[in-house]
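Pasting the structures in now, so scroll down.
In what follows, chain A forms one complex with chain B and a second complex with chain C.
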Partner chain A sequence: MIRMNRFSRYNLIAVTLLVIIGFIWIYPFLWVMFASLKTSSEMFSAGATLLPENWDLSNFVRAWDKANFSTYFFNTVLYAAAATVIELFKSSMCGYVLGRYRFPGRNLLLGLVTATLFIPIASIILPQFKLVQALGLLNTRAGVILALSGGSGALYVLLFTGFFQTLPDELFESARIDGATFWQTFRLMLPLAKPIIATVVIFQFMSTWNEFNIPLVFTLGRPELRNMAVGMYAFRGEFSVDWTGFAAGTTISIIPVLLVFFVFQGYFVRGLAGAVKQ
Partner chain B sequence: MARFSTSQTAAAVPLNGRIKKRRTKSIPLIQQVAGADRFWVMLFLLPFIILYTSFTLWPLLATIIYSFFDWDGNGPLELFIRLENYITIARDPLFWLSFRNTLVFALINTAIKLPLSLMAAILLTRKWLWGQRLFRTVYFAPLVIPVAMAGLIFQLLLHPANGAINDLLTSTGLVQRPIDFLGNERLALLSLVIVSVWQIFGQYMIYWMAALQNVPEALYEAAELDGAGEWKKLVHITLPIIRPVAIIILFLAFVNALKVFGLVVTMTGGGPGFQTYVVPYFIYTQALVDFPFRYGYASAAAVLFGVTILLAVTVQGYFVRRAEADRKDYGV
Partner chain C sequence: MASVSYKHVQKNYGDVTVVKDLSMEIADKEFVVFVGPSGCGKSTCLRMLAGLEEISGGEIWIGDRKVNDVPPKDRDIAMVFQSYALYPHMTVYDNMAFGLKLRKTPKAEIDTRVKEAGEILGLTQYLDRKPKALSGGQRQRVAVGRAIVREPAVFLMDEPLSNLDAKLRVTARAEISKLHQRLQTTFVYVTHDQVEAMTMGDRIAVLNSGDLMQIDSPRNLYEHPDNVFVAGFIGSPSMNFFDATLVGEEGKLFVDTGSFRVNVPSERNKAYEGHIGKQVVFGMRPEHIHASNFAPPNIDASPLEGQIDVIELLGHELHLYISSGKSSYVATVDTRLAPTVGNKVGLVMDVSNMHLFDKDTEQAIR
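Showing the complex of A and B:
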C-alpha cells in the first residue's frame, strides 16, 4: 500500500513534467498539422495560435491532387519497402556468414565495414550518381532503390554479425547432427534474430521514408519519381510558396511513420539493447 | 539513412571489436569454411559485397582520386594537379571558418542533447511510469520529420515578422521586439544547434534506453531490499553500469553532429554572411552550387574532413578500450 502511494507520487510529478515539456516538444508538429487546416491568410496572421477559426480541408485536396502528392506517396512507400526488403536480405545473409564462419578476408571486411560507418555521405553522392548513370538507371525508380539500398547497411551487417555470434554453439551442433544443410540451418536461425530484424526494418524504413539527398539528385530529370520529402521541398518553387499546402503534405507524410514507431517501439529498443549487450 | 541514416549507425561498432576479442578466446568454435559450405558462404556474401563496393567503397576511393584533379564534375578527368587543391584549401579562410563552425556546432550540440536525452531515457524506462508508450512516441516524434522539412517548419516558426515563437515571446512580454533568430550573426548558429537537438533527440534517447536495458533487474531488487530510493539506485547502480556504453554514445554523438547539413541548407543557407557555413555545406556549395563548380576542390575538403572524423573515431577507440577495462572491474 505504501509502495503504491510512493509510485503514485512519483507519477504525479513525472507525468506533469512530461506533459508540459512534451507539449512544447510536439508544438511544431501541432502547429504544422493545424496550419494544414487553415486558410493561408489565417496561417500567417495566427502567430502561435493553434486552432483554426475556419476549418479548411482544401489544403489536403490540393496537396494530394494538384501537387502530385498521391504519386509522391506511392513512390515513397515503394522506395521505403523495396529498400527495406533488400537491406534485410543482404545484411542478414552477410551477417550470418560473418558471425558463424571463418574465411579468408573476414577480418578485412569487418574492419572496412566498421570504418565506413564514420564517413559523411554528402561527399560521395556524385560518384554514386555517375555509377547509376553508367548503368543507365538514372531517372528510374530502380536507380533510386538501388542507390538507397546500396549506400547503407554497414550497421545492419554488424548488428546481425553480433547477434549470430552470440547464439549458442549447441544449436548449430544439433542442426549439423540432424543433417541440416547450410540453407536449412540458416532458415532455422533467422527467426531467432527477430529483435535485430525489427531494428533493421524500423531504421531502414524510417530513413528511406525521410531520405532527401538521393531521391533529389537521382530524379532531377523526372519530377514524377520524387518521394514526399523531395516533393515537399519543391513545393516552394513550383507553387510559389503554398505554405498551407506544404503543411498538409508534411502532415500526410509524417503520420504513417509515427504509427510505425508507436506500434514497434518495444522491439526497437530490445533489438538495440541486445546489440549493446553483446 | 543518409541523414538519419548515417547517424544511427554506429551503435554496434566498438561492440563488435569487443565481441571478436572475447569470442575467440572463450568459444573458438566459429567454423572454418570447408566443402560445400564454401559455395554458400560466397553466395551469402555476394549481395552485400557487390552493393557495398559499388555504392560505398568505390565512391570513397573516387573522392580521393578527384581531390588530386582540377575538375568540375563533368567530362574526363584530365588536369592532374597533385596537391594543389590541398594547398589552396589550407589557405582558404572560408574552409577554416566552416571548420570552426562545425566544431562549435558539434560540441554545443553534444553537450546539450546527451544529458537531456539520458534524463528522458531514465524517466521513460521506469517501470512505474504511466503512459510510457505515448511519451516515448512524443519525444521520439521529431526524428520522423525529414531534415529538409524540419528546417522549413522552423524557418516559419522563427520568422521575425509573423513567426509563432516571436508571437509568443512578444505577447507574453518576455521580449520587447521580435528576435531575428536566423538573421542575427550570433544567434543563427545557436538556433541551428537548438533545432538540431530537438530533431535528433529521439535517436539518442533510444540509444540510452537500450543501454539502460542492460542493467540487471536483480541489482535494483537487491537495492530495494536494502531500502535504496530512486536517487540512490540511479547514482550507485545505473550510472556506473552504463558508463562504458556512455562513452561510445558520446563519441558517436559528436561524430554524427559533425555531419550537419540539411538544416543549414533549409534554415540559413550558410548565412547571415558566412556565419553558419559548416564543412558539409562548404563541400556542397563548392561542388554543386557556386559557379564554376570545383568538384576536385570540394573532394579535397571532403577528404580532409573525413580524415578528421576518422581521427575522432580513433580517439574514441582508445577511450572505449579503457571503458572496457572499467566494465570488467564492475563485473558486468
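Showing the complex of A and C:
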C-alpha cells in the first residue's frame, strides 16, 4: 500500500508537470486561434492574454469571402485528398512488392528508394515543373496534384515494405492455395496494414495541406488555383498586414488537419510504435 | 479423393539436399503421417505436394495427374497450416468462404458448405466472429473448416496441433481422426510428435535428414523397426541401445554388452547366425524391461541387476533410469514397485521383444 501511495503521488506530480509543459507548448497555437476572434486593435493591446474581450467573427467572414479562402479551402482539400489517395495507392503497392517478392535488383531498388529520402524536395521542383509543363498540365489542378504526389513517397514505401515483411509467409501461402491472384492477395493483405495506412494518410495529408512551394510555383498564372498556405499571403498588404485575418485563415486551415489526426491517431501511434505485428 | 505418388522426388536448396530420392505411394482415402525430427524434410515433402515448393527432381502425382508444374490452386488440395494462417480481418464465415468465392462458387452453395462445416466442427455460433475473438482450439478448427469446405481430393496438414496445449491436442487428435473417417478422403499429415503419428496414421513415413527411413503401419514400426533410427524415434521413452557382441556357445546365442549378457530366443538363431562374433547394436524397449517381482508370467525372461539413478512416476507408469556396469538404460516398471534412488533393483528383460541391428549399417538383423 505504501509503495502504491508513493507511486500515485509521483504520478500526480508528473501529470501536473506534463499538463503545465503541454499548456506552455500549445499556448502560441491557442493564442493564434483566439486572436482570430479578436479585433485588430485588441490583438495588439492584449499582449499575451488569451481570451478576447469581445468575440468577433468578422475576421472569418473577411478571410472566407474577401481573401478568397472559400476557393482556397476547396483547392486545399482537393489537393490533400487526391495526393493522399495517389500516394497511398503508389506506396502500398510498391512496398508490397518490395516486401514480399525477391527479384534481381530488389536491394538496389530499395537502396535507391531510401536514397531519395535525402534529396531535398525543393531541389526537384524544377524537373517536376518541366515534367508537368511537358504534360500540358501547368496551371491546372491536375498538375498540382501530380506534383504533390511525387515527392515524399520513399518513407511510406519503406514503412509498407517493413510491414509486409513482418506478415507470416503462411498467410500468403494460404491465399495461394485458395487461388488468389497477385491482385487479390494484395487486396487481402492491405487491410492488415491499417496502422501504416493511417500513418501515411496523416503524414501525406498534413504535408500536402501545408505545402507552399508547389501550389505557388505551379499556379503562378492562375491564382484561383492556390491552396490556403499560399493564399495566406493575401493578408499581406504593401504597407500593412491583416494579422487577425491571417489568424482566422490559419485557424480555418488548421482545423481539418486536426480532425484528420484525431480520427487516425490511434492507428498512427501504433504504426509509429512498431506495434504492427498482428 | 485421390491417391498420391512421390516418384524419386528430390529437393535441393543450393548445394544442400533436403529430400533425397523419395519414392512412396499413398493410397486413396489413406491417412499417412510424415514424422521425423526438425529439419528432416517432412514439411518440405508436404509443401512440394501442395505446390508451395518447387521440386528439384522426380515427379509428384495426385490421382492420375502429374502435378509438378500445376499451381497449388489447381491441385485439388487444401492445407491446414501450423499457425492456421487465418485472415485476421475476416470473420470465421468469410475465412471459410474465401477460397470458394475466388472459385466463383454460387453463393447459396458457399453458404451450405460453410454452415455444414461449421456444424461438423462445432463452430456454428462463432461464424460471425473474427479469429482474434476465438481460442486456440477454435482457430485450429476454423483452419480445418476452411479446408473442409473446399472438398479437396487430398487434405494436407502441417503440424496443425502443435500450437495447442497438451490436453486440447489429445481431443483435437481424435477429432481429426474422426473427420478422416467421416470425409473418406486422403490425408497427408506432418508432425514431429510420434504420439500424433502413432495414433492417427494408417501408415507412418519416418524421415531423417531427407531420407525415408521406413514407411509402415504404426504397429509394424513399433514392433519391427527397420533400423536404429526408427527404433529410437518411435516409442516413449525411447528404445534402449547397447553396443554388444553376438556370442555363440554350445548351440546357443547370447548378446554380450560387457555389462550383462542376454540369451537370444532360439527361434531367432537362424536369423542371427551370420553375425556371430560381430559387433551389433542390441535394442530393448523400456516397457519390455520389468521389475523381477512384478514381471508378467510366461515371458522369455533374462535377468539382470542395476542401480537406480532417477525415478519418474507418471501415475500409470514408473520409469527407472538404471545403470548396470558401463551401461545405462531406462525401464518402465510396475507402479507397485517402491524404488529408492541409489538402491539395487532386480530386473528381467523380455527377450522375445529384443531387437538386433548391424553395428555398421544400423539396419535390423532379421
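Definition applied: the second predicted complex is superposed on the first by the 260 of 278 C-alpha atoms of A that agree within 3 Å, B and C clash if a C-alpha of one lies under 4 Å from a C-alpha of the other, contacts with A are read in each partner's own complex, and residues count from 1 in each chain.
Please note the rule applied: a residue touches a chain if its C-beta (ideal position, glycine included) is under 8 Å from a C-beta of that chain, and two chains touch if they have at least 3 such contacts.
Since the structure is predicted, the reported quantities are computational estimates derived from the model, not experimental observations.
**Q** Check chain A with both chain B and chain C modelled on it and let me know: fit or clash.
**A** fit
**Q** Compare chain B and chain C by how many residues of chain A each one touches, and report the one with more.
**A** B
**Q** Let me test your reading of the model: by the given contact rule, A:S91 touches which partner, first (chain B), second (chain C), both or neither?
**A** first
**Q** I'd like to know which partner A:L192 touches here: chain B for first, chain C for second, both or neither.
**A** Once the two structures are laid over each other on A, A:L192 reaches chain C alone.
**Q** One more residue to check, A:L171. First (chain B), second (chain C), both or neither?
**A** second
**Q** On the A-aligned overlay, A:L220 touches which partner chain: chain B = first, chain C = second, or both, or neither?
**A** Neither chain B nor chain C is touched by A:L220.
**Q** How many degrees apart are chain B and chain C as seen from chain A, counting from C-alpha centres and rounding to the nearest 10?
**A** 90
**Q** I'd like to know which partner A:M33 touches here: chain B for first, chain C for second, both or neither.
**A** It touches nothing on chain B or chain C.
**Q** Can you report the least C-alpha distance between chain B and chain C in the superposed arrangement, rounded to whole Å?
**A** It is 9 Å, taken between the nearest C-alpha atoms.
**Q** Could you give the residue numbers on chain A that contact chain B in one complex and chain C in the other?
**A** 278
**Q** Using the touch definition from the top, list the residues of chain A that touch chain C in their complex.
**A** Touching chain C from chain A are residues 168, 170-171, 173-174, 176-180, 184, 188, 191-192, 278.
**Q** Show me the residue ranges of chain C that touch chain A in the complex, using the header's touch definition.
**A** Residues 50-52, 71-73, 77-79, 81-83, 85, 87-89, 98-99, 102-103.
**Q** In the complex of these two chains, what residues of chain B are touching chain A?
**A** 1-6, 8-13, 15-20, 23, 27, 29-33, 36-37, 40-41, 44-45, 47-49, 51-52, 54-60, 62-63, 73, 123, 126, 128-131, 133, 135-150, 152-154, 156-157, 162-165, 167-168, 171, 198, 206-207, 209-211, 213-214, 230, 245, 255, 258-259, 261-262, 266, 280, 283-284, 287-288, 295, 298-299, 302, 305-306, 309-310, 312-313
**Q** Quick one: in the complex, what on chain A touches chain B?
**A** Chain A residues touching chain B: 7, 10-11, 14-15, 18, 22, 25-26, 28-29, 31-32, 44-45, 47-48, 89-91, 93-94, 96-97, 99-103, 109-110, 112-128, 130-131, 146-147, 149-155, 157-159, 161-162, 165-166, 169, 182-183, 186, 203-204, 206-214, 228-229, 232-233, 236, 243, 246, 250, 253-254, 257-258, 261-262, 265, 268-270, 272-273, 275-278.
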